[in-house]
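Some structures to go through are shown next.
Both complexes shown next keep chain A, but they swap its partner, so chain B is in the first and chain C is in the second.
Moving on to the complex of A and B:
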């Protein structure tokens, strides 16, 4: 039987509220992971394309923190015992709702907040007990049902992220105001030394190939506003705007500078910030290639070049830092030519060469047909949690697919009942996912799909501790998993 | 004013439209209300599912002029055409007569709101002229809404007539005619005042806070338990996601009055209790009374510029086999 008990001050409880608000934008469940020295709240979205974790230091964040590990349902790894469970975010938000600043008319303000988990096998129900001790002897008690689960978390190696930038959350919050609530995607790029943020929408009207929201909003920023700006030109990274907004709002509440790490389109991006014993990391899958998206290309008048299909070698050398510029294949060239002729026949000559203008459209127009940046990074040993042993590094592999689709940060490895639910959910959510890759009908030439496999999953951890084993087993499982999910249009090609 | 019109049964003038509006909004959760006018004031009643009732009482002190001329008791006076105010003061005071009719409460609120919305809009424009962009002031600050506005006249000419509202402000006058309906008598939910099982007076804010707390898990039922020992007063709810409870200790600063001879527990429908949330939010004090059958009365005291008004909610409990008879 493991027990977890901690005490929060009123302001710390407010922090928890802010974190929960942010994480609940990703998933209806919030996962708890308790360890001897820290407590992590995390959320993984239903398509497994976005993951957020907020880690609280046991000494700096809590008034009091006690964790005694038991033996039931507790994973043991190099860092010692841990206890993991998940709760409905709605239930948690009810307990940690926004109330702590409201002291109007001497309303019962919170004095302290005691939280305890009891994982007692002798009791039929699992309960998280939240006791809010308020002034004037008011006691508010929440007993919330929780469910013990194994956690999945993507790993991300910042060392392999060539592009990185840091900006104060206050400035970023100001910038985010420009992007309307209806836009879906958020593109980050660097253009002639200027930072460029663009929002765009891929959604098409039901039954018609008409854009619902054919508007792009672009802001070009001087990089001197950034604390750090080290980004290669012409790399376009697109993630869900909703996710970014949730993260920026949360970072704003902590008033912490946001650091962003990424390598190439189609690879995960990480946002991180840290403040006063609270460490936040969000790993988001990026769109495989923004430029392959027809709508983005058409509206920003950037020539779209479909990415050539390629089969990556499973786990070859660490070539992530090597970028190649390759001439594109003839057939894809002709296709992109035809796109231009359909869309903007007259404009094409105007958009050769970079245009150092500040207005929104030309900032993106410097992507020309003659320059197709196609970094080739088939394998990246990635690592997100600094203390993880090297054996837990994830391998990346690329699998060609015959249509664009949402892809997870990793595929689930566990074969318990949950995965069936997840699969059903995924299929249900197929049309509703927040990340849409390409509904513009660019069917012919597909960006390849890269998959980060989760190797922090506890079962894996228990079974295989050696790196070599992972490498052997990994790709095989992955492909079979992929085929399970996407059997109609999956071509096995990795390895 | 046509107070001298022999047909006028009820005529009143007020400059406290805000107060009346906020009182009526407390019970505005049901679109149709029953109105009873007496010489003491206007009582507006709504009911939901036959297990809850809410009354808002607009005391005559909320009106600068108030004349009630009961057609039943004083038919001659109507014909005589006396000054209505004199009648009210001199003759009518002790008479226990009322006139009743049904009315669309939502329409009444809307009429009173036309007034409010208009004035707040004007306030906002003034803000805009102060050098700020109006766009930045989407939300109207509370104190602006509370500013006194123009006057409102209520006129009712008797059964079959409309209730007329004449709103005047800045030389603009708006008149509204509200259709009245036949009175539907509703048996009042009886509270046995001589066999009270609990009487608690506390700040309404704290009750509001507790209800908000429970609302987070959107429960179906609310259980109210009182006991002479710890935990003295607790509100709790349970749902599929867990349970929530708020306990109040018997602290003088918390529970002004606490009269509970024996432990009692009753369950009410949460959604109906939530109907009173608006009253909880604006009231200063609440009196929570329950009789030995579990009938609950929540009486809210609402202060506006030194004038005190009351809004009363009555609830029937869920039948509970465990409850002591």
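Moving on to the complex of A and C:
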């Protein structure tokens, strides 16, 4: 039976509250991991594309900290025994509510906070007991139910991150104020010695809906504002703006400089900061900034491209891949389908030039890169996509920039290309070869796995083939167009 | 179509936008060579026509279009307000109409340079806010005109709007609390009766089944308008002219107090007009 007991001062309880607020933005569950020398709170979002962990040193952060490991549910590794569990974040937040820890409010301010875990095998419920000892002899007790789980955490190798920067969290908080709440993505890049942060939303709207679009914001900074700036020019990476905002707010509450590590788009990025016995690490999956290609939003105008233009691009990836798989399919068929896709209603002639999209006709690879699925969006329905030959899977990971990010941080890039039938089998394969998790307890068992997907896949078979594979139907596509794609795929499939 | 200007009076534009955004979400912004005009015609009853000479807030103003150098835009006010808030510490702000390179959608691009006034920031920072807008054709806004109002019976400079607003809010609460069946009240909001006379008095009244309250302000000014009320000769100086307004809408209108210095209310037999001279 493990026992965990710790005592927090009022200001430490405030810190815990701040961390919980931040982590609860990622997941509805918050995980605890107790070890002899530290207590870690962590959260992994539902799509496994973002992970945050706040580690508290047992000696520096707590007034008193006792952890005795038991036998049940405990993994032993090089760092000793541990105890892991998870709690519902809303329940935790209720216990560490801000007004209890607000020292300005004298009447309800707490003086001390005692937390203990009741892990008694003879009793069915597992309890976390939070006792808030307040002024005037008031004692508030919360009993929360927890669930013992095995934790997993991504392993991020900072040595492989070629790009890194550090900035004061105060400054970063100041900059984040400019970003409106509605935009979805946050792009980081470096251009001509200036750092650039951009918020954008991929959703494309038409007509009056345009006015409901989120504001796009860009901030260009002098790199002298950074404590460290070591970033390659022209690399664009994008993460969720909501995640970044939560992290920056939390770092601001600790007033600690934020360090960021990343290598390439499509690979994870880590944000870290440390202050007074609290160490925070956030690992986020990144996407290529589709705007880097300057064509991302031309997606919805694909259908308005002239037929001739589309046919002339006979060597384009998409047509090529269709022909390859369906050699007997007459060219005229694809022509007629293109024609059906014409006729986007042009309700705002004032602002359209004569050839609005010709100047930026997307190549298919850039096209598909803009159709990336948002990290928290549901996975694409599989029947919308052509079943893909398994042999292609390896080659796909070589172009991470154009891959959707459906499966999160740690799964292979091509994970969403599976048909339902072989999904289970494929998952088994991943478990053996590619899943890169540190579940702590069994680190010894899998010593070779230490890095999150920071390697390049072996050999690419055929550029055009893999681009053809990437064809997906975006969330903002018109129904008629979805049907068209579907019917095309049916033709491909039957051949 | 070209529009580019630098903003010299950011605070006025921000306050104006903030006032307007409390009344409606979208505004028609008409820009021509001399004036800029915000027009709000939300479905609710309050319409706003705000006209400014372009040089009160803009500087280095350049406009060109095929439609006699007039540009009509539909602007989301909350987004514009959000963008303008970024200007709080700006040393320079530029507004221009352009197209977003990536998707060709029209945007008002607000470029803000903040100098190194922050103690920890050393270099200058450039913030760009892209506000989505819709370009309206001249034909589509031709029909929108400021309503013709009859000659006013009475005009009066209102007491500080903050005062009236707090009283209005109390009246609104009273009306909510005292009328259990709102249907009998004829609507979901309270009906306030505003009245004023040419003897410097302004009254606000709420009457319903349960309560009857009235506030009276005295000693106000009746400004000399260019066109003197035609009926002045006929009506006694202390006769009140009355209008009935929706309490909630009236409360919203009073929020412009942040901007206005002098407020003139004109009372007509059938409608009321509130004019603000700001800046």
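The rule is short, and it goes like this: the second predicted complex is superposed on the first by the 276 of 495 C-alpha atoms of A that agree within 3 Å, B and C clash if a C-alpha of one lies under 4 Å from a C-alpha of the other, contacts with A are read in each partner's own complex, and residues count from 1 in each chain.
Definition applied: contacts are C-beta pairs under 8 Å (C-beta built on N, C-alpha and C of every residue); 3 or more make two chains touch, one makes a residue touch a chain.
The structure displayed is predicted, hence computed values, not measured ones.
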| item | value |
| --- | --- |
| Touch count on chain A, higher of chain B and chain C | C |
| First (chain B), second (chain C), both or neither touched by A:256 | neither |
| Which of chain B and chain C A:221 touches, first, second, both or neither | second |
| Which of chain B and chain C A:239 touches, first, second, both or neither | neither |
| First (chain B), second (chain C), both or neither touched by A:248 | neither |
| Partner chain in contact with A:152 - chain B first, chain C second, else both or neither | neither |
| Chain A-facing residues of chain C, complex | 1, 26, 74-76, 79, 82-83, 86, 99-107, 118, 120-137 |
| Residues of chain A defined as touching chain B within the complex | 88, 90-91, 93-95, 97, 99, 104-105, 107-108, 127-128, 136-145 |
| Residues on chain A engaged by chain C in the complex (per definition of touch) | 168, 170-171, 174-175, 177-178, 180, 204, 208, 210-213, 215-225, 291, 294-298, 348, 350-352, 356-357 |
| Chain B residues within the chain A interface of the complex | 203, 205-206, 209-210, 212-213, 216-217, 231, 240-249, 251, 253-254 |
